[in-house]
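Note that chain A is present in both complexes that follow, paired respectively with chain B and with chain C.
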Partner chain A sequence: MDMKRAYYEDIELFKSGTILFWTIVLMVALFTLPLIATNYYLYLFNLIMVHVILAVGLNILVGSTGQISLGHAGFFAIGAYATVLLMTKLSIPFFPALILAAFIAAFFGFILGLPALRLEGPYLTIATLAFGLAIMHIIGHMEVFGGRSGLRAPDLNIGIPQLGWNLTLTTDFSKYYLVLIIAILMVLGAVNILKTKVGRAFVAIRDSDIAAEVIGINLTIYKTLSFAVSAFYAGIAGGLFAFVLGFFDPITFNMFLSIYFLVMIVVGGLGSIMGSITGAAFITYLMYALFKNIKDVPYVGDFLTAISQRWLSITGMDNLSAIALGFVMIGIMIFEPMGIFGVWIRIKKYWKTWPF
Partner chain B sequence: MPFEQLLIEGLAMGACYGLFGLAVVIIYKTSEVMNFAAGEMAMFSTFIVFHLLTFYHCPFWVALLAAIVFAALLGILVQYFFLRPAKNPTLLSLIVITLGVEMLLMGFASWKWGAEQQEFSLPISYMVTYEPIKGFIISQWALAVFIIAAVVMVFLYFFFNRTSLGTAMRATQQNKHAAKIMGINTDRVFAFSWAFSSVIGLIAAVLLTAKTILDPQFMMEPFLKAFAAAVLGGLMSIPGVLIGGAIMGLLENFFGYAWPVWKPITAFIVIVLVLCVRPSGLFAKHWVKKV
Partner chain C sequence: MGYFDIEHLSISFGGLKAVDDISFSVDKNEIFSIIGPNGSGKTTIFNLISGIYHPNEGTVKLEGENLVGKTPDRIARKGIARTFQNIELFANATVMDNLMLGRHIFMDTGVFSGAFMWGKRSRAAREEIAHREKVEHIIDFLELQSVRDQFVGSLAYGKRKLVEVGRALALEPKIMLLDEPSAGMNTEEKDDLTIWIKDIREDYNVTILLIEHDMNMIMGISDRIFAMSQGQKIVLGPPREVQKHPEVIRAYLGEEGAA
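Moving on to the complex of A and B:
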């Protein structure tokens, strides 16, 4: 079905005219969306795109290189805190601060990648988990990071104040375009990384690290590189997240956030960029929108409220999102381990080969 | 606080972590599943004890027995409905499934009992102390922890080495297919190991409530520490996990005494450092991946 006849076909960005067409449609839709969406939905979309950046980066690590990380909230936090602190304390303009913060996160990714060279399976999971918790505690206990009370993001000035160029983005509407453009660039970057020598080395390590080493891939370099790239993405996402949210504290970056991130790529589809995007969108919608307002949904909301009043507690109704997420996680693993991307592949195959 | 006091408290806390780590190790030993839901399964069963005590005014021991039955059933149900249907699961998908069970149980517990802290009193007190040797003050709680940990250890030793079910569990761990050929119903063995693990988790959680508060998230940190203790012990060896737990408890108590601010994470940092030197824990053969 997807036979490739030339090397160029393997590396080209758009595999066919159809894909090009739908990509353009999607782009047009994304760029015109703010004209019709309300402020709340713009905020939600900003959040989704921040999560898309992170999920794409995490998928490079987990889906393509096969290293499990339960500590990505740590990199996310590093990105958020570093961007804000570089801007407020050292008054560095936004874009250099964001990139610098991402490189700081990447450096931490490199550091975490070093023990990961020797650790596998359960041991790697606990090491990354410990990293995430350690970052959260360190941030929570040091005054320079605002301590437990958190940090407020400064005005999002994307110009260079030192030269007198000021362009302050205040509304969700203007932030939307900033986040959207960065997200598109980051996704494009990820697509291209996976098509290069580096990306193929990652995939080879995932499939069999021993075989990869035998054919001449330097595991030390590529495993740490994978952690660093993934952390870089998390850092960029964190830096944007700080401004989308406006205010954050260490508890924002708890262990559950790492779990959500992992669930995003697992639900979307491991090792697939489109999968990470859909997964991030789906889980973000589920966690931040659908179940936040479940009480207002007709019939279902009344029914759940009645159940809560009769047998359970009404204050605990917010936890419905956790229950739903649990069912999604278990269900997807039992029925469709490839995630949404796997469903899409099946549908595509069915229609392409239709009468047969 | 004097040195002896820190030592005994650390060992008691370590025994708790070790006991809870056993819940992780038993499942990992038989089915190579890392059970991230262990903490929440124990939390849920502890809430059953709380519920029976508070709303039905049962005597403590009746409530505990009922909760033990519930915990065993919960373990079996989780294994039956969530783990068994997954076909050819990878390590990651097993992690995601158990994390999903964790979210499910935590969400349901918070829905049922609310997120606020609950009153829960054990019949063994933290305040009653004995002084068997001069200078060594041991609380009733610590004594109970030591005794229960020892009893569970001895029981598990005999169970794994002397009974046919225990032998079947070890056989299943070594080679699932060979065990099947020898006539072992491996699915049932897994279900039993989940039930065992769930009950041991409940006992550890009930002991831990003396030290912490009771709310739907109270097992998070102890679970992570117990998990780390199990990893430190190598995830496979039962004495290893208790030693790992003791190391965790002592480290936490001594470092926590010296630098209270960093108490929650010292243990984790030590774990990562230990793993850098010995990648598969202190008491395990190197974790060998099948090529």
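Moving on to the complex of A and C:
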């Protein structure tokens, strides 16, 4: 039994030396990774970290507050388009543009949060789904957003050109560090939010909204706030996504993306930050890279490609990732409803009492 | 005008008058109990006071200020805390977090100051520490140390009831509404609870409204008892008087019991 001597120890970031040690190991690994990874993997890691930011934000809404959103691709799109347009049309430097774009997304989140005060369950799902689709179609129909042909992201200049201070990140290698640092800050922010007043209020609303009200939590404020915070995260993620991808059109932000986002947090573990991170990493890998890798495995790869071409798709194994995703979802629901995070908790408990 | 006044309170659901023209006045620091058979409207009165229902008629006044029409969270901020008959805790949070949620109305940390809780000296951390200290006193008071960091969902029923009392206490209320706090407790726990309720009144200066079915507890603890049946008042008075009232006996034991 470890002894606590101060109230601060309850809310400390690193509760023990072990956690601090492994955090440092992880950080060293993350910062040295680009030195050994190939370009394709750097691109993949960038995508993973963008999805981590989004998943952490989505989990605040879905896992912690108990609301649901099938429209997060919409906020993601708002972040991407707003960041790029603020930079190209209004020549605002990158960081202010990114933050402004995230606030724009948060504002839309607030707007979407208003119907959430009256809607629950399937009705809220439909409302958010409609929001995501509407954003995609509105963007597709307006010339200022590049219409159906999409937008090209400008050079990623993270300096302030107006002051003659330029720093342009061109390679995936340099973008990796930008995305990594922002991702770490966003994750730490979420950890802290969930440990303080606002995060506790979210959890209270999820567990019992009637009790939340009688202890003085204003449901209107906190439900819409949860949508806004979640959309803010999606906005930041979207702004970075625009530069990781370099080129995007409305179809990039289709309905399936919203579903993939939801899958990430369900597979990772609802209401857990570590779950959001592992879920986002796992699902992104599965979406983009797993079957590309399997294809290269001798015999197995050829066999699966043959099956896929015979019955599923003429282009090879593309559809298999969607099928695998379905199986992963079903498997998680049946065997471990708490997701990857639940598995982790069980392993931890097992070793705590080992060998008994 | 008294400290806490309920005047002509009425509400009906469909054709049923759940609470029918109820009036009473509670003095400061009083332990005021409401008794009556199941379905007589006791919990409905609590729901009307805490703003979950809005009455068709009547007023609820705390120190002269009318609370009718306000939302539950506004009423909580006016100094009315409550517990629920069927326990409404935040099951997937620890005891500590549940009690900290009771401090919600006293805290100002927002999204941004919360997100930037870097180190012990940040504003959010200082506020957290100050309130954790207050909550620790409640944990000591209700002897919840052993379950401090456990999830509420895993606790025994009696302990959960106690956590709910603790959460209400964390709001530093003027009035505390306790809805059958001893339900599901064994005799020993009930005895402890009786002492705690008295202590809450004395140490924390809280006026207590109590709904309870355990007659031993009610008779021993209450300053005055309000007996009701089918939404209407039967009698209001000190325990001895209420105990002997023929209609109370009839309401509890039925016609034959009265005869």
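To be clear about the criterion, the second predicted complex is superposed on the first by the 336 of 356 C-alpha atoms of A that agree within 3 Å, B and C clash if a C-alpha of one lies under 4 Å from a C-alpha of the other, contacts with A are read in each partner's own complex, and residues count from 1 in each chain.
Quick note on the criterion: a contact is a pair of C-beta atoms (placed from the backbone, for glycine too) under 8 Å apart; a residue touches a chain by one contact, two chains touch by 3 or more.
These numbers were taken from a predicted model, which means no experiment stands behind them.
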item: Superposition on chain A - do chain B and chain C clash or fit; value: fit
item: First (chain B), second (chain C), both or neither touched by A:W351; value: neither
item: Chain B versus chain C as contact partner of A:L262, first or second or both or neither; value: first
item: Contacts of A:S208 with chain B and chain C, given as first, second, both or neither; value: both
item: Touching partner for A:D10 - first (chain B), second (chain C), both, neither; value: second
item: Touching partner for A:Y299 - first (chain B), second (chain C), both, neither; value: neither
item: Included angle at chain A between vectors to chain C and chain B, based on C-alpha centres and rounded to the nearest 10 degrees; value: 80
item: Partner with the higher number of touched chain A residues, chain C or chain B; value: B
item: Which superposed partner A:N192 touches (first chain B, second chain C, both, neither); value: second
item: Minimum C-alpha separation between chain B and chain C after superposing on chain A, in Å; value: 9
item: Shared chain A surface residues [contacts with chain B and with chain C]; value: 208, 210
item: Partner chain C, residues of chain A touching it in the complex; value: 6-8, 10-11, 188-190, 192-193, 195-201, 203-204, 206-208, 210-219, 225, 229, 271
item: Residues of chain B touching chain A in the complex; value: 28, 34, 82, 85-86, 89-93, 95-97, 99-108, 110-116, 220, 224, 227-228, 231, 235, 261-262, 264-265, 268-269, 271-272, 275-276, 279-281, 287, 289, 291
item: In the complex with chain B, residue positions of chain A that touch it; value: 62, 68, 114-115, 118-123, 125-127, 129-131, 133-134, 137-138, 141, 208, 210, 255, 259, 262-263, 266, 270, 308, 311-313, 315-330, 332-334, 337
item: Interface residues, chain C side, partner chain A - complex; value: 50-52, 71-73, 75-77, 81-82, 84, 88-93, 96-97, 100-102, 104-105, 107-111, 113-117, 120, 124-125, 127-129, 132-133, 136, 167, 171
